[in-house]
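After this come two complexes, each holding chain A, first together with chain B and then together with chain C.
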Partner chain A sequence: MTVTRELRPATRPARVPRGLRVALLLAPALGVVVVLFGGGFVQAVAQSVGYQPYPPARDLSLDAYRALWADPAVRASVGITLRVALVSTAAAAVLGVAAALLVRSLGRTRRGFAALLQVTLPLPHAVAALAMILLLAQSGALSRVAAGLGWVDGPADFPALTQDAFGWGIIASYVWKEAPFVAVVVLAALSSGVAELEDAARALGASAAQRLRHVLLPVLAPAVAAASVLVLAFTLGSYEVPFLLGRPFPATLPVVAYQQFRDPDLAARPLAMAIAVVTAVLVGACAVAYLSLSERLRG
Partner chain B sequence: MSRAASGRRAAGAGLLAAALLVPLVPLLLWAVAGEFRYPALTPELSGRGLALLGDPAVRAALGTSLLIALTVAALATVIGAAAGRALGCHTFPGRRAVQLLLLAPVIVPTLAVTLGIQVFLIRYGLADTVAGVVLVQLIPTVPYVSLVMSASFAGLDAGVEDAGRVLGAGPVRRLVHVTLPAVAPGLAVAALFAFLISWSEYILTLLIGGGTVQTLPLLLFAAIGSADLTAAAALSLVIAVPPVLLVGLTARFLTGPTAATVGFGRL
Partner chain C sequence: MSGELAVTGLRVAYNRGVPVVDGVDLRVPGGTLTALLGPSGCGKTTVLKVVAGLLTAGAGEVRIDGAPVLGLPAERRPVGMVFQKPLLFGHLTVGDNVAFGLRMRGVPRAARRSRARAMLDLVGLPDVAGRRVGELSGGQEQRVALARALVLDPRVLLLDEPFSALDAELRLRMRELVRRLQRELSTTMVFVTHDQQEAVDLADDVALMLDGRIEAVGPPSSFYADPPTLSAARFFGGVNEVRGTVTGSSFACPLGELRLGVPAPDGPGVLVVRPESLRILGADGAPNTVPATVREARFAGTHRTVVTTAGGIGLTATVAPAVPVEPGDRIPLQLPPSALRVLPDTAATDTTGADTTAAATPAAAAPVAATAPTTEDEDVRA
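The block that comes next holds the complex of A and B.
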């Protein structure tokens, strides 16, 4: 390629300077992110402390954040949001790794199972939530099977797994979608020469447990951590699944934010914005964690 | 390999297949259900659910969904690929900051920031319009495409473009015949996910479209809300089949450790 590089000045016509070129290439994307995303966040913060982009002007205050802290209903929302997100993420991580290791150990059927893992991934979350309603509700498919086996007498006899206080339905829907996601990420990490490392460890006399501890886990940990952070961020901030499978009260933070936003009384706006800001900051913290993890993954 | 181990493996594989596929069974049954009272395990078959899909409202929503998702995919791909080109092929001061800025919207939920700009969309006449919905759906999709394409461009051999230049190809011909073919897999995957993110979107469409812009997910939520499970299940199939087919067709680009799989975390 040295020849090419030497020829370049002679054959190259006058071009846009490099700095300007980069700026022009980045401008539209940065416009979207700075104006719509950044502007949206700044506006949410401003409106949460009482600023209104329309008259009448109001005094600025931190009342919404105080109310958020004092309101037992909002505290219950924080509780269910964190619980659902943490349980879903932990279950998705454990089951996803288990599924990936299982699929990797399969012989002829391995390709088929790897493809099977991708079946739930592209399903919209709303569709997954509906599938869970039809499966887990008190009059759903599992309840019907239980009734057929004579285990329950009727819908009321079957445990409430959707619209329940704990959030089992939401968790089930998230795990069904996100465990395969973790599995696909882990399988990708496993495809890069891990088998050779394991063979070497085996040849050196390492037991199965030692190979897991000293070869597999160090290779998988960054990938699992990065995938888990994405899952956590999604489960903290998503609206559709908790809206469909949860109770209206206590609902998760994004659902409450939207409920408050829709309140015809505009006095509820600052609280809606405060909840949105808290959710965004919570998820932003996940983003920072993701970055430091992906840094280690690369480094 | 011991027989017990392979037995456990087969049991595990069976369990995995069941966990992945069994939840789809009630959905498929309800889509073709007429009478389906508790505790019946199978419904009386009926074409009502599938016939509903021919309804003018459903066909209009399908058109709107396609229009929005295709527009979002096209715009996000062009805008994101340009940014990806800058990030993947050039070093410049502030590059790291730009990367961080572009990563934030991939992770932070768009709803949280869209609540803040909704009043401005009303003010500029973009509320309740397809254009407004497209605009807010660019928030998660443009940064995602940028991420995927910066990885794709980083893997591009600059020498190939130089060779095109030396051989006398102008900027357009180089783009069409050299650059685009080289990054085509990345572009296809990025466009696919931008389409899917938009196609699945509910709350942003409701918030900005105000119920005037009716897409398929809005109809699905309405059907679930009115407890018409047959209509809801039938609509689910229409919403779910295109993504499953598209991902199936592009599956070979999606294996391997690529930035693209992050998209699945957004769906």
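The block that comes next holds the complex of A and C.
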């Protein structure tokens, strides 16, 4: 007897499309970003153009953005914000690269020093700021040592490095925190075959300085740039360090935005939100630059 | 200048431990190509990097045209090097990669561009100077690396297994290119490889390196016809080995009394004979003919591999594909006296990593022992 059986393709359980699956898996994290950050940004934009969820209703306008440039506190704030962010980023990049190259040149102690570099990474910025006060303020350790050594008549004669007009204290705090971050990123980039490229350059007659100029720095540039963009974004938008180490006037943009936000006069709210939006756009531009550089680094 | 390279008593140890290269003596006549052949981990790359100045030697001397170079930094040695990986600079164009060394020497832009293009022409890549490195294939990248080293007109060019990552056909073409360039430019070259075929195809001389020492140096044919040591015979693969004792011109072994065509010192030794030298005869009568039983006969395209047993010993012969032998056949197998070599039994175990499938002694099938650490250790970096 012959038994015939209908041949059917093996059935599989219905599969969720890949795109939907990825979206579902990412939903919790995306939800936090979209609701908290996106929602906050939308609220800030709305309030910056005059929307207020309480009476009296106001006409929507870009008056707050026009007022930004008319306000001397904001104009001064843009200057110190950019100065502090750019100087901190440049110093962190230079010192971070130098530290990474130095650590790489060490022999067996390399790992220990590399670990030491990372000690500051988990510390909160507020802790770094307080450490700078203890170290750099006119009542701090450095001023007393200088007075003890006779370099200045008394601690109060020591140059003001915190709450100063230039922002040295803020910059020092950022550099202390961010230079090791850049160094860690550069060390990771250095571990990916750069030594072999240097050997190739040596065999082609490149001296140590030529190898640094023509091989190391170009090869490390994307990694340094990506890390620097992150540092720049952070220093542009950070609030607590300039609040603790800076002057009330001129203050950095995030500090001014908070000062305006705390103003009991609700008419100041659009200006506060306009400052916050401008800061967020600057940070967003940094994020886009970072993504672009990361793409280059991978490519 | 001829570019003669002389390495004497070279010793390199990592972490102040066991030397990975010890007592290496090597002389490469100017304008010739020597293959430094050996299994992975035997110290070939270490020797090359010491000559290039990328590693420091614990002891010994390296001279180029009679002048010692160990005191010079790598960038001031008259030596070029092509690495296993192309190691092209990704931020530069192909032309700028080739011109890199000239730029480091301060050659004006126009001159270095012209020389880079000429060198790219020479390696068969006339139209790629403006391309990015990422647009090249693996073979093209290695050609560019070759052009980049040759454009500096080095007195000695070191090539560290530059084609090992390429497919077989491309490797053959690259070998031809290196050979052509070597003849046209008369550059002294040292070519590191673990591939005996590559060494034989390319080199004027082969220096066989085993366990951190130079085992033997000579023209490629001598390693086949007249291997200097048992290890050398094994590294070149597929030899039959029979242990016995030499007395005068005869060799007493489990196969009987064999006549030797080449004299050997009296006493115990290992007789080696290549499978292609064994003959399956139509009838007994020729000297050194022994009765053998066919255990296996494999077709291998250009020949048949016939595995036999004679006197309790396995012997492998390669014969023409048409020779009619089948497993179980009893055949007369001749070991021609002129093809027999008796060598001192210095290699108790095989550390060559070579194919010794035809070896008739259990000792010959010992596994590879690669003990040398990698060359990335910082303690000996120059």
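The criterion applied here is as follows: the second predicted complex is superposed on the first by the 278 of 299 C-alpha atoms of A that agree within 3 Å, B and C clash if a C-alpha of one lies under 4 Å from a C-alpha of the other, contacts with A are read in each partner's own complex, and residues count from 1 in each chain.
In this section, a residue touches a chain if its C-beta (ideal position, glycine included) is under 8 Å from a C-beta of that chain, and two chains touch if they have at least 3 such contacts.
These numbers come from a predicted model, not from an experiment.
Between chain B and chain C, positioned on chain A by superposition, is the outcome a clash or a fit?
Here chain B and chain C can both sit on chain A without a clash.
For A:197, select first, second, both or neither according to whether it touches chain B, chain C, the two together, or no partner.
So A:197 only meets chain C here.
Just checking: does A:92 make contact with chain B only, chain C only, both, or neither of them? Give me first, second, both or neither.
Neither chain B nor chain C is touched by A:92.
Touch check for A:210: first (chain B), second (chain C), both, or neither?
second
Once the shared chain is lined up, is A:33 touching chain B (first), chain C (second), both, or neither of them?
After superposing on A, A:33 lies in contact with chain B but is clear of chain C.
Is A:148 in contact with chain B, with chain C, with both, or with neither (first, second, both, neither)?
A:148 contacts chain B only, not chain C.
More residues of chain A in touch with chain C or with chain B?
B
Name the contact category of A:218: first (chain B only), second (chain C only), both, or neither.
In the superposition, A:218 contacts chain C only.
In whole Å, what is the nearest CA distance you get between chain B and chain C after the fit?
Least C-alpha distance: 8 Å.
Identify the overlap between the chain B-contacting and the chain C-contacting residues of chain A.
The answer is that chain A has no such residue.
Please output the residues of chain A touching chain B within their complex, sorted ascending.
Interface residues on chain A, with respect to chain B: 1, 4-5, 7-8, 11-12, 18-19, 21-22, 24-26, 28-30, 32-34, 36-47, 53-54, 99, 102-103, 105-106, 109, 113-128, 130-135, 139-141, 143-145, 147-148, 154-155, 176-178, 180-181, 184-185, 187-189, 191-192, 223, 227, 230-231, 233-234, 236-240, 244, 254, 257-258, 261, 272-273, 276-277, 279-280, 283-284, 286-287, 290-291.
If we count contacts the way the header does, which residues on chain B are in touch with chain A in the complex?
9, 12-13, 16-17, 19-27, 29-30, 38-41, 78-80, 82-83, 85-87, 90, 92, 98, 100-105, 107-120, 123, 135-136, 138-139, 142-143, 146, 159, 162-163, 165-166, 168, 196, 199-200, 202-203, 207, 217, 220-221, 224, 229, 232-233, 236, 239-240, 243-244, 246-248, 251, 254-258, 261-262, 264-267
Which part of chain C faces chain A closely enough to touch in the complex?
For this pair, the touching residues of chain C are 52-54, 73-76, 79-81, 83, 85, 87, 89-91, 100-101, 103-105, 134, 148-149, 152, 376, 378-379.
If you look only at chain A, which of its residues touch chain C in the complex?
By the definition above, chain A touches chain C via 107, 195-197, 199-207, 210, 214-215, 218-219, 221, 299.
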